[in-house]
Structures are given as structure tokens and as C-alpha cells.
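Heads up, the next two complexes both have chain A, just with different partners, chain B and then chain C.
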Partner chain A sequence: MVTSADIILQTLVNGFLMGAVYGVAAIGLSLVWGVLGLVNLSHGALLISAAYITFILYAGLGTPPLISAPLAFLIGAAAGFFFYKLFGRRLTSTDPSYSLLFFFGLSLFLTNVILNLLGPDVRGIPWLIEATALGPVSVSLSRLVSFGLVATSFITLYLFITKTYHGKAIRAVVANRLGAVTAGIDVQWIFTISTSIGFGITFFSGSLVALVNPFTPTSGDGYLMYAFATVVLGGVGNIVGAFLAGILLGVVESLVGVLFTQGVSPAVAFITLVLVILFRYGRR
Partner chain B sequence: MAVDKGRYRLGLYAAIVVSAVSLLPMFTGDTSSMAYFWTLLQFLSLVLSLNLITGFTGYINFGHIAYYGYGAYTVAYLTTITQLNPYLFVPAAAIGSALIALLVGKPLLSVRGPYFTIATLGLGEASRTIIVNLPFFNYSEGLPIAKFFKYDAFSSYISMWLVAVGLFALTFFIKRSRYGLMLETIREDEDLAETMGIDTRRTKLAVYVLSSSTAGLVGGLTAITYVYAHPGFFSISINVAVIASLLLGGGGTLLGPVVGATSYFIIADTLLTRFPYLHLIIFGTIIMGISLLLPRGLVYLMYKTPKLRGLFYDA
Partner chain C sequence: MKKDKTGLSKVAIVAVVAVVLVVGAVAAVLVLSQQGRPSVAEKPLTIGFSISISGDFAVPGKKQLEGIELWRDYVNNKGGIFVKDENKYYKVELKYYDDKSSKDEVIRLYEKLINEDKVDILFSPYSSTLALTAAGISEKYGRLMIVVGANSDTIFKQGYRYIVGTYTPASKMLTQAIDVVLKYKQSPSIAIIHKDDAFAKSVAEGAKAYAEQKGVKVLAFEMYPRDAKDLSPILTKIKGVKVDAILGGGHYEDEVLLVRQAKELGINVEVMALLVSPSLPAFYDALKETSQGILAPSHWEPQLKYQITIGPSVDEFMSSFKAKWGSDPSYHSAAGFAAGLYIQAAIEKAGTLKNDALRQAFNELDIVTFYGRLKIDPATGNQIGHELVLLQWQGGRKEVVWPENVATAKIIYPKPSW
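On to the complex of A and B.
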């Protein structure tokens, strides 16, 4: 006999595990937005590209996601590096609305390349999907593994941001770009590595998303929305905030899904987003 | 001022000729070309209504499509319960959207820049999710209204044409008015505008309500032409297409929305028919190219040739 307390506990655990993935997925968006001031509308498409890379590696070569996730980070980091070298200066110097348009074009491009190459079918990675009992709750192994990866990557990133010179420089640029230049920080270089790390962590989380959820070429839009909500909730450019906000959002979403219906849980995320924006950034 | 008047007259003639030509498809009696130009006019009207807020004040509005959806649902719902001719409820669509905009706009416009953009994005998506879950809006199936009136392609074409021409005239008058200058000051520097004594809050709210209510008007007419209101009206991709074509043409101008909407529509349609599978890939590439190479829109090309610019009054 399953008591309702058990269901709530199960929901909380599921929400926590999903939320941790949302949190890491939002860090890439947060970093690029905070440092470069660019709102990356193609974040969801990048995430899904990485999910497909992981899927191809798994289906074609049998590579376990445990290996392809770090690989995805490297691919993403390289992509980010070249992206900044090619378009970065141009995008940071034009009007924000045109950089939004650019990222929209990029997202359209990526989504449809995937759609044409691999078709619109729902894909998933059936790796370690058997459930394990942890006391009163049962969790699939793949979610636990993905949580382990999330935790490791978050701690690594946190140490990088707080302890190393480059990490501190990134935070300085987020806080005050002009001040950072005055203090002798090479802002162009910080922009480059931030884009690189941002894209890398987005790809990394994309392969985790592939591990825990089924996906289609267009499911990036949903993740983009969640990432927006997470970034705004946690504070732009704030990595710890994004992670915690992701967990909060995941828990709220799964609680709403259980207590009401699954259909309204996206609406809850959006309403949270709107309310948070209004209370945090509104001027009275 | 004589020169000014001459430029003004030339622009007026051009506008009259273009709007008269856009009426022509109605008399050909060819329903397929009428449908094509109706869609173009509808798209143009949406771009013109978005131009009021996004073009003039620089607030990028991803929730514009929500008001289009509200308008569609207002007309369809009122038609369903009263079983009268849906054209009677088109004003109600505009008023309904305006009321919602008045309520939502007040808190929404207190945030700026990307925060406004993302809040409006949330608004649009939340509206769709809520509508899909409401029983009296028939969940995700929407409200078909075909059985309550006799659909007539002419009246649907004429009404959309009137809205497009009306919005063009409205944009013209706003651009020339003191109010338009206030909006443009907000776009260039909102703090400065406040310092100069502009009540930015009221100015922005007024233009937001105006822009949203015209979007509701377009939505209501679209629901009549489609004889159906469904959650697809809240599709974010329409909103993005509208923003993209506004930026393509050049925001805050009179010719920008017309040039942008027309070229976007023709490019998108040609690509769709020529490359049914690859069109969005090509389209994405074109959009990226435009945003990098033409960062002020097509209309600003005109400013590089002063002779051409001199012909028209204040594009």
C-alpha cells in the first residue's frame, strides 16, 4: 500500500533530480548572458544538438553516456570558441534585438538540420533505466548517474569560478565590464572563454538530458523556457543561483504535476518566471 | 517647407497606389490569389501592430501573439454562445485585448530590456497552456464557428485590408506626432526621457494597450476567416516571424514594416514551395546573415542614398 506521503517524497526526489539537470542546463545560458550580455535564444537548440550527438554515439558506437558527456563538453567548448571568434565581436557590438534575431536564426538552422538528417521521431537512450529502491522511493539508475555527473560538473565549475584567476575575471566582467577593463583584465579573452565554457556546459547538460528524458528535434524550446526561468530566478551570471533555481523549479514542476495535472506544470513555470521578473527587476 | 510638402505628397501617392493595388486581388475572383494576399495583409497588420511597441519604444515583445489569440478566442467564444454574426464581435476582440493589456501591461512594463522580453515570452506560453486547459474553450480542440454564419471571402478580405491600411495610417500619424517623439525618446534613452519630464509609464502603457488591441483585432478577423479559433493562435513561431520581419525591414519606421513583412512573406513562401524540407535551414541562414550584415534593417539601406531618401517624407 502506497501512502500519499510516499508519493510526495517520490515526487520531491524526482523533482530534485530533474531540477539539478535543469540547473546545470541553465548555467551555459547564464554565463553567456551575464558576461557577454547576449541572450542566447538558440540555447535549447544547442542542448538538443548535444542530445543527438550522445544518441548517435550510443546507437552507432555503443559509447556509454558516461563517456560521451565529457566528450560533448569538449565539442561544445570548441564550438563556443570558434563561435566567438567568428561572430562574437559583431554580436556584442550590435543592437541587442539583432543579436536576438541572429540566435533565433541559428536555432532555426540547427533544429532543422537535425530534423532533416535524423527525422522527427522521439528518441531516447535506454541506458541503465532499471529502477533502484532507495528506502521508500525508487529511482532509475540513469537519473542517479546523471545526478552524479551534474554534481561533479557543478562542483568543478564552482571551484573554477571561485578559485582560479580566469574564474574570478569572469565574475569581475559580470559585475562591471568597464571596471574589469580598468583592472587590466583582457575582456575579449574572458568573452572567448566564457562562450567556450558556456557552450561546453550546455552540450554537457544536453547529453544528460538525453539520458533522463526522451527528446525530439524541437524539444529544445521547452528547455529554453526552463533555462530562462532558471537564469532569471537565480540571477543573470550567477552560477550557484542558477543551479539552486533549477532544483527549485524541478521540484515545483513535479509537485504541481502530481497534485494537479501534468498539463498545467509548464504554465506554473512560466507564471513563476513572470512573477520573479516583476518582483526582482521591476521598478516601483 | 515647400520641399517637405512635395516629399509628403509623393509618399502619399505611393501609399494610395500601393493600397489600391493591394485591393486588386479581390476583383480577380481567384480565390487562391485572394487567400495569398489575405495572408500577406494579415501578416503585415501584425507587423504594423508590433511596430507600435517594439519599433517605437524598442521593447521586444514576445507576448504579442497572446493578444492575437485572445482576439480570436473572444470572437469565437462570443459567436458560439450568442450564435450571431461573428463580425459583430470584432470590436469586442479589440476591447478585450486592450483590457487584458491594461491589466498585464502595468506590472510588465516596469521591467526593461531582456527581462521584458523574457517576461512576455512567459506570458505568451502561459496563455496558451491555460487556454488548452479550460473546459469552456473546448481544451486543445478549440472553437469552430463555421456553422453560425456564411463565410464570405470578400468581406474577410476587405476587413483585413481596412485594418492594414488603418494601421499604416495610425503609424504615420504617431510618427509625426509629439507622442511618437516621446516614444522614440524612450527607445533611445529611457532615463533621459524621464528626466525631460515624459511620463514614461503612461506613455509606454498607452502604446502597449494600443498595439495589443490591434493585435486582438487582427486575431478576431483571422478567427473569422479560418472559421476556427484554436491554441495554434498562440504559436510562438508566428510571434518570432513577426519580430524577425519587423527587424528585417527596420523598426520604428513607416516603410520598415511594409518592406520587412512583404519581403519576409515572399522569401518564406518561395522557400517553402521550392525547398519543402530545407526551407527552414535556408531561412535560418538568411536571418543570421541579415542580423550580421544589415543591423538596422532594409529600410536603412535607403539612407545611404540621400537622393532616394529625399523623395519620401520621413520613412
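On to the complex of A and C.
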């Protein structure tokens, strides 16, 4: 076992950078879940769709992910808007098992559309596969760029949620839907913009995934799993919580992988999840 | 000269007898040869299998099927397979179903192939998981099965008596990479890392055993989870131990990630050999120049020219494949075709379609097809004759670099620093 200080420092940096991506990738799931009460099982497939959009923009037009990430946000936001207009009202007013089935079906549909249009091959963006040395630590440039984008988007979102009327209204709906209605908040409109922002940030994170990791049409399932753990860890509908939980998950996974073996890191991540649920929700 | 009556008549008698004898002999030969000429059997020889036309294994599954179908055309155009005991030529008919890449379907379909369709011989489905399932059913009914598109050693460790392998076993897939390190480096040390699945595990364990037998130090032997999205933990660990080579991998996404993160963490090794992804063009597209010098095993490459003893030459195979399917064959297709040639050779050797006798015939069979040599271990049925080659990415091109006698380019050693 290697436990020199340099290695530990490297491990923490790796975990932090990956965790930031897990965090931002969970925000969309958390928002839609918290506000609309819908568990979006197609979250992973949506994220991978955006990764493919980023890949096509790069391979076809040479657009660097730095530009396609904000673009992906806009595409996702538009998709979210129309999605709510088309299906939202029906999904929120029926039995939750129907919406679960609906999203599961949507996930299969999206995955197979990608599979048939673009094939099963692994894709990746060979942009900025470089590193820079910060003292004894080697830092991936693509991960550094992705962290810059994560930080910018997170601060923007945080300011939106805490400072603007709509942001406050979203939090009000998460906290108490009936109360929000009685206070005169237009819940249908809040549902619409939440879905829009949720899909937008999911697409944005898909773009970042394409920047740092290779992917295949079926990669979405793995990201959905991480996003689930992150949302529950951070609290459903809690955006700051999701982001911090993502970082925690990344760091724990990294440390376990280096100090013990990576084979057990998913187990440790989920044990952490169980412990947090026990202590955080268990005493109510 | 004295000629009397009787003398004349003696000559005449001898002549008549001689003519009768000759005519009789000719007639007898004609009749006999007419009886001995082989006829074409009324019922064709049916080969049954399931193949993944949809689901996870659809892409390699279809490629394998295209190879098998091309072999059927090839053998039928030649008049079929000769079965000595029946003195008949058998045309080949394929009976197959889509198993949707599912184990449950495989069980149902192989039961159906044997009990309802009553096929003569089985081919395995694609992939080790599905082939292992089908092998259990082949054993249950004592029906011969040619295993193609699957090479996990587990399949051949069950004691099954009716299976015959065509792929080099998984446990041997990275041993050549160890040979490469040994050629260039005195007392080398290596790291083996693999994905958490049955196939990658067989490969890694086989490589480890071979390394230890050759006196190579295995300083790290690590596994990463199936859905890992970050391999920096495992690589950071390796960074701390300093090795000459990193061997392993598992599938597409994880292997590309492994290369990317090894570069990002500044881990330089002299040999990096991965299991499956480098044989695809998409590997280069996802990594570009970062792919330089990376090695991968391959079951077959079209550049390889073997001294064949049966079947078409590699050029004939390539052109007929392209003519029939409009695309280039992959190694899955080549192996599918070779599996057909293999059973063809066994039937011709055994002279019967009885499965026990055929399985026996395989024990003595040693053939070379355009796909390479085929010979099994009599006890297990596992393939021991077929050999792999190592590919290397060199300036955006995939070259065969090992073994050196079949290489299309000289190996780049050591792998250039990132």
C-alpha cells in the first residue's frame, strides 16, 4: 500500500475534480424530483444524449466543449420546456408508478435511438488530453476546464435560486407545495421552469462528461446510479446539497480506491449513503 | 506352318473366351463404379444455433453470422460435405434464431433446436456468457457444439464432453505482451488491472500466472468496478509502484478512459497492452495521437497469410465476403467461417455424422485455415492450436507487430512518453 503525502494529495485532487462533475450531474435530477415529485429515470440517457451532441459538434464542426457546454444548456432547457408542456401535467397528476414507467421507457427509447443512429462504438473527445504539474500533483487540463465550467454554472444557479423571485418560488414549492399555492405562486409555471432548468443543467453536465470521459450509448446507466446516490445524500431538491454530496462521493471513492482497492469503492460509496440516510433521516 | 481344324478351333475358343472375359470385366467395373459413385443426400445436414441479432452483442453477433452464412454458401457451392459411411454428399442448412443477447432465450432456443428442429450439430451463441449457458444444454443432450465467439476458460473447465473451441483461450490473450516486455527488458515488473467481469478476470489471471512462471514481477494486480467513471484511483496507486508495463482492461469505455487518465496522471510505461478496444478504429478517433504505441491482442487480421491446408485463401475470403455483404469482415466473421471449415474437416475425417465419433475426430484433427491453425486439447475441447497476434497503433495505423515472423511493421519499443 502506498500512502506517501504526495499520493494522498494527488488522490484528493482527483476525487475533488471528478466529484464536482458527479455533483453538477445530479442537480438536474434533484431539481425535477424535488419540485415536481418526479423521479426521472431517463436522467442518464438525457445526459448521454448531450454528450453525443457535444461529440458531434466537435467531430463535425470542430466546436470545442467550452462552447458546446453552454449551447447544450440551451438545447436542454428548450427540450425541458417543451417536455413539460407536452407531458408534464399528465405525469404530475397520475400515480407515480406511471411516471416511473414513462421515464424508463423514454430512457430505453433515447438509448436505442443513439445506438441505431450512431452505432455502439466508444466515443470520446480527443481535446486537451494534457496535464499540468502543480508541485507533486499532476492535474488533468480537461478536468480543470470542466471544473471551471462547473464552478461558474453552480455559482450562477446558486444566485438564481437564492436571489431571484423565481428561484425563491422554486424553493418554496420544494418546501411546501400547498403553502406555495396559497401564497399565490403559479405552480404550473414553476414546474415548467424547473423542468427547463433541470434538463438544461443535465445537458450541460452531459457536455462536461464528454469533455473528461469516453462514453457509449449505454453509459448513461452508470451516471444515473451516481446521480441517485448524490441526490439522496444531498437531500432531494437541495441544489447545494447535491453539489457537495457529489464532491464527497468523488473524494471517498478516490481515497478508498487508493488506500484499499477500487473494486470495493462502489460498495463504500453506498455504505456512506446508507449511513447518511440513517443519521440524517432516521431520527425524524 | 501347320494348320489343322482343331488347331484353328482352339485359337478361336481362346479368342472368344478372352473377349468374353474382357467385356465382362469392363462391364463389372462399370457396374461397380456406378454403384460406388456417391449421391447427394436428400435431407441436408442442419447446423443449429442462436445468435445475437439484437441486444448487447448484436454488432459482433451479426458479423459472426455473416461469416457462418458465407461458409454455408462456400461448402454448398462445392457440392456439400462428403460423409464416407453413407457415401453421400450433404448440403448444409443453417437453422438459427435471435437470442436477443439473453441467457433465458439461449436456454429456450437450444432446447428447441435439439428437441423440435432436431438439428445435427450445434454452433455456440456469441459471447462467453451465452456460450457457457448453451454448453450446458449441449452436454445434457450429448449434442456436439462448436464454440465460436467465446473464449472464457470457464466454459472448458466444466468437464463438458461435446464442446470444441475455435478462439484462443482468454487466459492466453495477454501472454504475448509479456513476451514483448521480456524480450526488451531485463527482470521487468508489471501491473495488471482488469474490469470486474468474467472475461477480463480470466485474461488477467492467465496473464498473472504466465508472468510469474516467467519470473516477471507483478507489482500490482487490481480490479475496477463495471461502471467506473474514474480510474484515477487505480492509476494513482500504480504511479506509486513504478512498473515497466501496464496490461489489462475489459471493454471499450473503460479502456479508453484508462489511456486518457494514465496520460493525465503522467504515468509512463514501456508497454501498455489493452484487451479489446484498440482493435477498433473508434479507439484512435477517441484518442488520436495519444494512442501511439498501444498494443492489443487480435484473433485474426486480414494481412496474415497462413500456409492453409483447407478452405479458401484469405484473399478469396475477403473478396467473397465483400461481394456478399458489401462490407469488410471482422475477426468475428473470419472465426465464424473457420468454425464451419473446422466441422467440415471433422466430418470428412470421421466419415459419419454421429456426434460421439465427430468429437473423437476433433482430437486428432490439426488443420490450418486462413484464420490460422486449429487444434484442440483432447481432454477439454479447448483451443490450443490457434495463435493470437499483437497489434500496435503507429501514427494512426493499426499494424501487426508480434510474433515477429508475421509482423507487418517493426514494434515501437518502448512506447513513446506521453
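The definition used in the following text is that the second predicted complex is superposed on the first by the 271 of 284 C-alpha atoms of A that agree within 3 Å, B and C clash if a C-alpha of one lies under 4 Å from a C-alpha of the other, contacts with A are read in each partner's own complex, and residues count from 1 in each chain.
One rule holds in what follows: a contact is a pair of C-beta atoms (placed from the backbone, for glycine too) under 8 Å apart; a residue touches a chain by one contact, two chains touch by 3 or more.
As the structure is a prediction and not an experimental result, all values here were calculated from the model.
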item: Partner chain(s) touched by A:Phe102 [first = chain B, second = chain C, both, neither]; value: first
item: Touched partner set for A:Gly124, first chain B, second chain C, both or neither; value: second
item: First, second, both or neither for A:Ala133, with chain B first and chain C second; value: second
item: Partner chain in contact with A:Met225 - chain B first, chain C second, else both or neither; value: both
item: First (chain B), second (chain C), both or neither touched by A:His43; value: neither
item: First (chain B), second (chain C), both or neither touched by A:Phe215; value: second
item: Which of chain B and chain C A:Arg171 touches, first, second, both or neither; value: neither
item: Interface residues of chain A shared between complexes with chain B and chain C; value: 221, 225, 261, 263, 266
item: Chain A contact footprint on chain C (complex, rising order); value: 56, 58-59, 196, 222-225, 227-234, 236-237, 239-241, 252-253, 256-257, 260-261, 263-266, 277, 280, 282-283, 285-288, 290
item: Touching residues (chain side chain A, partner chain B) in the complex; value: 33, 39, 87, 90-91, 94-102, 104-113, 115-116, 221, 225, 228-229, 232, 261, 263-264, 266-267, 270-271, 273-274, 277-278, 281-284
item: Chain A residues within the chain C interface of the complex; value: 2, 4, 7, 10-11, 14-15, 18, 59, 119-126, 129-131, 133, 138-143, 213-216, 218-219, 221-223, 225-226, 250, 253-258, 261-263, 265-266
item: Touching residues (chain side chain B, partner chain A) in the complex; value: 54, 58, 60, 107-108, 110-115, 117-119, 121-123, 125-126, 129-130, 132-133, 236, 240, 243-244, 247, 251, 277-278, 280-281, 283-292, 295-296
